[in-house]
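Listed below are the structures to be examined.
In the two assemblies presented below, chain A is common to both, partnered first by chain B and then by chain C.
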Partner chain A sequence: MSALAATPGTPGRGMRWLALLPALLLVTLLVALPLVDMGLISFKSESFGQIQPGFTLANYIGLLTGAGNLTLFVNTFLTAAAVTLLSALLGFPVAAAIARAPEKWRGILYFLVAAPLLVNTVVRSYGWLLILGRKGLVNEALGALGLIDAPLALTGNYLGVIIGGTQVFLPFMILSLTTSLMAIDRRLLDAADILGAGPVRAFLTVTLPLAVPGLIAGSVLVFSLMLGAFVTPLILGGTAIKYISVAVYTDALVLFNLPRATAMSLLLMVVVLAIYFVQKRLTRQQEA
Partner chain B sequence: MSTAKVSVHQLVKRYGATTAADHIDLDIRDGEFLTLLGSSGCGKTTLMRMIAGLETPDAGVITIDGRDVTRLPPRQRRLGMVFQQYSLFPHMTIGDNIGYGLRAQGAPDAEIKARVDEMLELIQLPQLRERKPGQLSGGQQQRVALARALATRPSVLMLDEPLGALDLKLRRQLQAELKRIHRETGSTFLFVTHDQEEALFLSDRIAVMRGGRIEQLASPQDIYLRPASEFVADFIGDVAFLDGDYLPDSRSVTLADGARIGAELPLRAGPVRLAVRPEDILLAPPGADGVAGTVAEVSHQTGTTLYAVRLAGGQEVKVRSLGLSAEAVAPGQAVTLRFADCRLAFPR
Partner chain C sequence: MQTRNPYRTLSNAFAALVYLFLILPLLVVVLFSFSERSYFSFPPAGFSLRWYQAAWESGQFLVPALRSLWLALAATAVAAVLSIPAALAFRKIAPGKLRSALEFFLLTPLIVPALIIGIALLYSFNRLQMLDTFGALLAAHAVIVFPFMFRAVLTSVLGLRQSLIDASEILGASPAYTLRKVILPALIPGIASGAIFSFIISLDQFTVSLFVTQSEQIVLPVAIYKYLFDVNDPVAAAVSTVLVVFGLLIAFVIDRLGWLRHLSGASA
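So, the complex of A and B:
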């Protein structure tokens, strides 16, 4: 109580914990407990949708050694990597333009970049289906121009997932890059210019290295979001592609193999956490 | 015939309603240390940035080494620049920072290495080659910035308030070092500052700027002893302005309250405004021959004492005496002022 009385206006330590309690309870009930439950289930076996008593490592061993599962993981990771790379390539010029834009325009540009996030991913992915489908905008246009005889397969494969995924997650890349680019002191570029560096050299030797923290942050964000993405791979890739999130969905809700689905989910989560920690390390090294 | 390293002709730059450069003419001589001096907003930085190519003039011509560079980008002007905030590349080592310009010019590695060594020697920091800028003190960073700018042997080295971010002691130290480096390299230095003492100490010539114009361009001695205008006299050093009537026959100026001050002026008889420096006045006991006054304020400075003395007519003058006076002169005390013959005045 003395702490409370000592500094009026600033709540004491006890009060602060009390204020945090509802949030802590919520997190415990809705995140931590289900996670523990998932962890337990992942060590069970199942038979015809029924979870059997006793514990087993079979799910993990099966996932890590099964021949098909390696392709599942590799393809998922390669797809997420492609989305990350594309986002970086497409996002950099946009971020550079926003960082250099006059202050009064920046708010509007930020809004334009973030605006797609206001639209549900399901809607956006279906939108891409309309554009990329066999009878979609692209195929119809190319057909009308006589450039193609048969429609291109732009959906129901990895290409569709990569295109859709890039569009869905590009804003995260742009926003992280913009923050990094705006922190670059303009005078450094003036200095490079006076020292004789042309625009390309100045970009490669000054702008790009100094944008690396933003590039890493954006990449980790996009990569982990894409790894866990479910709607876009399902709608634009369908069952023709191998994608972890889709496989988890199939296991859990089609095959009713909950133990394997949870094991797969947890493996994915471990990988994402590992990436996150590596990124923390990298950024700390950068700052040192 | 012209030995101008940089020549600026009728340069104009406007930002909206304000004119940052109002038809400026300026020749910078080969090898000189020229300072653009003025308070903020006088256009000194704009003028430097236009010479550097970082700003585009609205009108006028800039030549460097006889070459018209008005429309050239900075990288084609062969200049060096030191910024107030050091602006070293934070992700590169000190060695790479200094070698940046040479690398951009495509110099061979061996030459870059030799030149970087030479520059580190010049700024007396050879042991810092592999460090990053963040590990250096402000003074060291600014020395490295100087080395980076000089490494390419620029036609002109420009320094934009380079010592402004440093504390006083370090500033003094770096001023001396700048002077030494200027002497050793023989380069042309263009320096921008608002600090008049710094300008007087460093420069071969000073251009005092005001409102986008050069008010006076002359040596430090001339600027101090023969200021071209009241503005310059007021801007450089301490000065008191005393209004009176000049009588050439008696070689004196009579102030409004009847006090007379000896003066030898290249002016006709009539109303004048005398400019009196603190060191032109001696303090004497009350009743002595001279102008009576009352001490208003005493302030001790390093090595000197500055007295503000109010004259009978209400004007205040500053008097500087060497050292700390043994017998304390307290505020409120009556004194007599002895003026040296005044040579500086402006007609009214």
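So, the complex of A and C:
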């Protein structure tokens, strides 16, 4: 191990790989190989919970052509898109407030955004269950005001998932937008002001275009996190909704249809990885 | 200092509502945990600590909680032991395709959704007859937190000043001595920041834990989830409140250390 610290020129090539080996083994044994294994299962068929010999494309064909499965993918994407859009709309004013806040306030404003990220996701989703449930805060309040006769269905559907998902991932959007907004040269806004642009025009021609990198980075992050999210859809949507992660869970642990569950997982993974590479490319272009 | 801008006032008022939206679920959980009634009511009725007592006495949470803590510590330690040599080796690999590919590979546990890692591990551990063992749980958590530790240590390693290392060597220090007295001390901040994030990621990890355990080895978030769907009285809120306080405390510590900004790339 000590040769790692050696200056260039000392024989270190072998040691370099030896030092990398444990980490490479960890990821190979616990992620790469299980994923390959899982990939193989997705080309098998099953009957009564037993994996059958021989390979087939039936799982993928079924997933990509069945009408019910198409809704599964479409609804998952639309839900993630809704969460992303809501995060951008809710996140922008907060990021703007943080960016223009005086130094002494900025710390606490930033803290209040980031702190919820460190609270367990199960607990946060449970909080939404208490707020949105049949006898939850919202229904009780609306009932007490006489606005509704029967409780509104706010959980066990997409609405609950979108609300909960937005709260869970919104901090990432705000943190990303704040970075962009803080980098804006204040003199540009002063110039816009001096040149007679009103607040709306200054926002549309200066602030918004300069916030686009943060907006894109935040959106990509929130969208891909939400696509793969499991806790919030499970707790606030449950099996009543069509969501890929919940369907994978149901197929694997309730219906014991591992081939279908793994095929669905791999399709999801391909999408998430594609988003990751597009985002990598985008950030590299920005840096260049 | 600034001209009065009605849009700005409006935007700030809206931002205040968004803050409420962010904090509300935590607030509701905490309020519910002190409720006297077993069902939700607003405004909260009375003040009682009996749900905390019930949570303690039920014995359903203490063991999972201790297991979660021990698991987070052990997974963080494993990740640190593997990350430090790997990150130091990266220093000797010239930036380029190979290094990017290696980095991507080592970060895959962070890029691939936890759900997919969970199901892949379910299948693999099942064949090895390792489901519902602490070993499986530790292996799963170690690989999940590894990227967070590795990234933090790598940032420190790439920021190492070669001149310090050269100086140490010129002054006659052996490579082992340089590693111990120059390199490792310079990595402490990276390791510490990686450790605190690894710890919290492990504590938060629900999905993979749910897949690789059944009943013997469940962790705290899974215990809360199971309780929610069996009973759903304020006992779950009492246990959750402990986690809210714990999370906020860690947030406070991270903030004091100036690491809050590192959160922006964390996975949920």
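Just so it is clear, the second predicted complex is superposed on the first by the 256 of 288 C-alpha atoms of A that agree within 3 Å, B and C clash if a C-alpha of one lies under 4 Å from a C-alpha of the other, contacts with A are read in each partner's own complex, and residues count from 1 in each chain.
What we mean here is this: contacts are C-beta pairs under 8 Å (C-beta built on N, C-alpha and C of every residue); 3 or more make two chains touch, one makes a residue touch a chain.
Since the structure is predicted, the reported quantities are computational estimates derived from the model, not experimental observations.
In the superposed model, A:A274 makes contact with neither chain B nor chain C. In the superposed pair of complexes, A:R201 makes contact with chain B only, with no contact to chain C. Within the superposed three-chain model, A:A240 lies out of touch with both chain B and chain C [touch as defined at top]. Touching more residues of chain A than its counterpart among chain B and chain C is C.
Touch criterion met: A:L210 reaches chain B, while chain C stays clear of it.
Legend: residue contacts after superposition of the two complexes on their common chain; A:L188 is shown touching chain B, with no touch to chain C.
In the superposition on chain A, no contact is made by A:V254 with either chain B or chain C. In the superposition on chain A, A:P93 makes contact with chain C only, while chain B stays out of contact range. Once both structures are placed on chain A, chain A residues 193 are touched by chain B and, in the other complex, by chain C. Residues 185, 187-188, 190-198, 201, 205-206, 209-210 of chain A are the ones that touch chain B when the two sit in their complex.
Listed in rising order, the residues of chain B touching chain A in the complex are 52-54, 73-75, 77-81, 83, 85, 87, 89-91, 100-101, 104-105, 148-149, 152. The part of chain C that touches chain A in the complex is made up of residues 3, 5, 7-8, 11-12, 14-15, 18-19, 21-29, 32, 39-42, 81-83, 85-86, 88-93, 102, 105-106, 108-109, 111-117, 119-124, 139-140, 142-143, 146, 150, 165-166, 169, 174-176, 178-179, 182-183, 200, 203-204, 206-207, 211, 220-221, 224-225, 228, 236-237, 240, 243-244, 247-248, 250-252, 254-255, 260-261, 263-268.
Listing the residues of chain A that touch chain C in their complex gives 1-8, 10, 12, 15-17, 19-20, 22-24, 26-27, 30-35, 37-38, 41, 90-91, 93-94, 96-97, 107, 110-131, 133, 135-137, 140-141, 164, 167-172, 175-176, 179, 193, 199-200, 203, 221, 225, 227-231, 235, 245, 248-249, 252-253, 258, 261-262, 265-266, 268-269, 272-273, 276.
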